[in-house]
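One structure, pasted below without further comment.
Note that the chains take the letters A, B and C in the order they are written out, and that residue 1 is the start of every chain.
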Amino acid sequence: MSDGKMAILNGKGVTKVFGLGDKKTVAVDHVDFSFKKGEIISIVGESGSGKTTLFKMILGLINMTEGEMFFQEKPRDIKGYAKKREYWKNIQAIFQDPFSSFNMFTKIDSVLLDCINLSGGKNLSKKEKDEKMTEACSFVNLKYAELTNKYPFELSGGQMQRLMIARIFLLKPRILMADEPTSMIDACSRATILDMLLKLRDETDMTVVFITHDIGLAYYISDTVYIMEHGKFVEHGSAEEVIINPQAAYTKRLISDVPKIHEEWDLSTVS
Amino acid sequence: MKNTIKQLRHSSQFMVGFVILVAILLLIIIYPIFVTADPLEMVGRGTFFKPGTYVSVVDAVTDGASTQKSYTLNLDTSASRLNARLSMEDREAMVDWLVRFGGVAEGGISTSDDDVPALLELWSEKYDSTNPQKGLIAAKKKYYVRLDKSLKELNNSTDMILAAQGEDGLEQTGTIADDSYVNVKDIANQRTFILGTDNFGRDVLTELVAATKTSIIIGLIAGVVATAIGLFLGLFAGFIGGVVDDFIMFVTNLFTVIPSFVILILISYSVGASARGVTMVAVIIGLTSWPWTTRSVRSQVISLRNRDHVNMSKLSGHSVIRIILVDILPYVASYVVMAFILQISSGILAEAQLSMLGLGPATTTTATLGLMMNWAMTYTAHLNGSWWAYFPVILTIALISFSLNLMNTGLDQVFNPTLRD
Amino acid sequence: MGKKMLEVNNLKTKYVTRFHEDVYAVDDVSLSIEEGKSLGIAGESGCGKSTLALSLMGYYFAPLHYISGDIIVDGKNISGMKPDEVRKTILGNEIAYIPQAAMNALNPTQKIISFLGDVLQAHDIKLSKKDLLDMAAERFEALGLPKEVLQKHAVELSGGMKQRTVIAVSTILNPKVLIADEPSSALDVTSQKMVIKMMRELMEKGYIKSMIFITHELPLLYNVTDDIMVMYAGQIVERGSAKEMVFDPMHPYAKGLMESIIVPEAGTRDVKLKAIPGTPPNLKKPPEGCRFAERCRYAKPACYLIAPQMRDIGGGRMHRCMMGEERMKEVYSHE
């Protein structure tokens, strides 16, 4: 808490082991982290580095094998479905694949309506609810009038991901976990999503945990970066520090492996 | 939904199956409106009457005798009677005899319809039963004697005298001329059996329509029972997982390993003949055919359980029941519909199998397709050539299964994009 | 000027859907590649990049149909050929194609060497087992793949290794054109780099004479290909050298794409990204005027009515925008 910001989620020795005996694989290996309120934190790693497992553990969708998590500096207790539901009021997620994140049998208005009801707006009048939904849609540059009576699969990937952000806007959780939210959508709509996440953080002081394999995205969006290799954090610090001046060999490699446009891309570094 | 229906309309397999099924359903709905007779009424006195129109002999004779309704036609009655009744086999035997013993040159006479009068003339001229007929066995000789006698009757073109029992013995009441005809429509008493009658003299067509209806009802009940159990267990085993899953799968595997037909036989037998009604048999069939639905629904649910939209619903704080009903069930619904269609089809087949073994609905008031097969088999219809007693039944069962399976394949192609061409 | 390896004139192809609707996915595409050159094709998903790749091979099967245009490979027109003939004489030894998920195409029950045998057999080349092995080992080593790979099964290899193996196998006959459709998108950055390095080696060592590289990753194209072509709604909207395209795009769509590039380089954090609003048009019924007009920041009423033609402005640069070059410079400088 050197910079005076309150830690919202801390992890200590968080570990996940899949399988038993000889087939045991350690997906996440004793990681410690501290996410501060109002920050955008990126977790960068290649596929298989355990970042999605960590994502699910933070969300409470899978259990930790070992370790402790502290939510708002109190030990997190999510034993049983009722306690989990309580915890989930504070933490929400955006998933990688927008096409499978929506129930394709539910209309868009009822997805949003659901969020209003869940965030305590059950007793609002229909007009007030409509106003809220219109506000959420305009936050993500969608037109509410065009969305009513449509199904999520009638939208493009980018629009779906924006709808997902509109949902978060209505629920206003303390923490937003975003698991590669831009990897399945086009490069030119990617910028929109990133800017909306930034806007969301600026307006609601939400903590955003952004999980990605693209170090360029992490550099663009985040305040703090965690670099993950084989279930361990090899380096962490502010984005400028870690990416412009990397210390760990793995970080250096990751950065050198990404094609750039202003610097020469050195192909000789791979065998 | 609209798009799905549009795609279904483009699926030729689904449409063919659907048209066949609708045709069968229409038949079982419309036919009883016109034919109100009890399908199990024993019309015929005797077993297995051939398909055809049956007219009252007395009516035909009396109508033929009375001048008003009889017609005189200039037709060679005896010739056409001969053509119709004298089989090719007999004709060949006659030619054979004439060549061997009558001194007729080989190839001098043919067996075609046109040559029948010439053949008969030659026969009556040459045939002599006292001919030694060397080289013929006694049975063959007797056959020729019988043939000769029947030919004389067939060739008879004299009028027939009608008589009635009067006070002084027989009194002639009229004659029927050889060229006297009567219009079939004028005969008061007649009945058409399109598919003949069965062993108890019941009209097979009417019985078949009623049986099809009962069998489809059995299929539906069995399908509903099996799908409901399968869906319920599959959903809970798949979604809740853990011990619940292990237990349900243990029971399911138990049922899968033991052939369900054996269980079906055992249950049907132990229930006893008196309790085995149509509904009972249907429920028993349903109770033994759920394991496959459970297994496949469970595996579908397991793959759905970790899908993002389910996680999303959990994060929204919805209850387990709501997640199952709203986020899981619609995704497996298309699959369940297909399983249901197959269950109907297999329910109908299972009833047929059970009934063939005599373990079907023990009833004398309704017919089922299986019971009809059972009766046909018990009264050896297949041995005495009464094809009409079992072949239409087999065809109906095949058509129902065929149409349901076609519909299932069509649905599969629509719901499963990877199978689309 | 080098020899033209591939020349495409006014190629048009379409998809026919289940409901017998036509989707014009490649509409009037012309391009040419000289010997020793590589061409990148960029564009968002649904703009017809992958369909163009399939169409270029001249190998058409339902639901893709050929409408009109010429495909000339090294002076030979293949556009009218029957699919079977194309498969036997063109694919493999004239044009090689690597689809996106090529690494999943390896049959897990067979050794890598047998795939090479299959390729040769399909082109009626008879080699003894030993010759085949020697030749394959030589080629693999030249491309930096260990020759032990030849005796392995696909499941024993990592994703990047599989992808590189597929590329090595499909270029064994030294094709004149290699068409690679997102060959590295499903891979880690490190494996991606290896694939790219190998494709460069293929060009440098002369195993392939020219290359078409399709991807939506612009920094990658910038580093790999000589020229970049941007596609939008089935048409080419701009073509130029890689450097010109990235730093000085002309067409508003190309400009939009370049503005969405994100790279981890000092200073890029402060540059605000710009996104192109909206979605590409439905190709069942393409718009009458400029296809990009609806999403274009600079669109004028005339843009919605008149379809602009491809304009060659010299130096291999061409674009399809109503605005003149001067006007563009003026408009862009005001931002």
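Rule of thumb we're sticking to: a residue touches a chain if its C-beta (ideal position, glycine included) is under 8 Å from a C-beta of that chain, and two chains touch if they have at least 3 such contacts.
A quick note: this is a predicted structure, and the numbers were derived from the prediction, not measured.
> What are the two chains with the top count of C-beta contact pairs?
Max contact pairs: A-C.
> Which one of the chains is closest to the middle, using the mean of its C-alpha atoms?
Chain nearest the overall C-alpha centroid, as shown: C.
> Can you give the whole-Å distance between the Cα centres of chain A and chain C?
For chain A versus chain C, the centre distance works out to 33 Å.
> So, what's the distance in Å between the C-alpha centres of chain B and chain A?
65
> State the interface residues of chain B toward chain C in the complex, per the touch definition above.
Where chain B meets chain C, its residues are 6-7, 10, 420-421.
> How about chain A: which of its residues touch chain C in the complex?
46-47, 141, 156, 158-159, 186-192, 194-195, 213-220, 239-240, 243-244, 253-255, 257-263, 265, 267, 269-271
> What does chain B use to touch chain A in their complex?
Those in contact with chain A are residues 307-309, 311-317, 320, 326-327, 330-331.
> Which residues of chain C touch chain A once you look at their complex with the stated criterion?
Against chain A, chain C makes touches at 44-45, 144, 188-190, 192-194, 196-197, 200, 216-220, 222-224, 246, 256-257, 259-266, 268-269, 273-277, 279.
> Looking at the complex, which residues from chain C come into contact with chain B?
Counting only chain C, the residues touching chain B are 18-19, 62.
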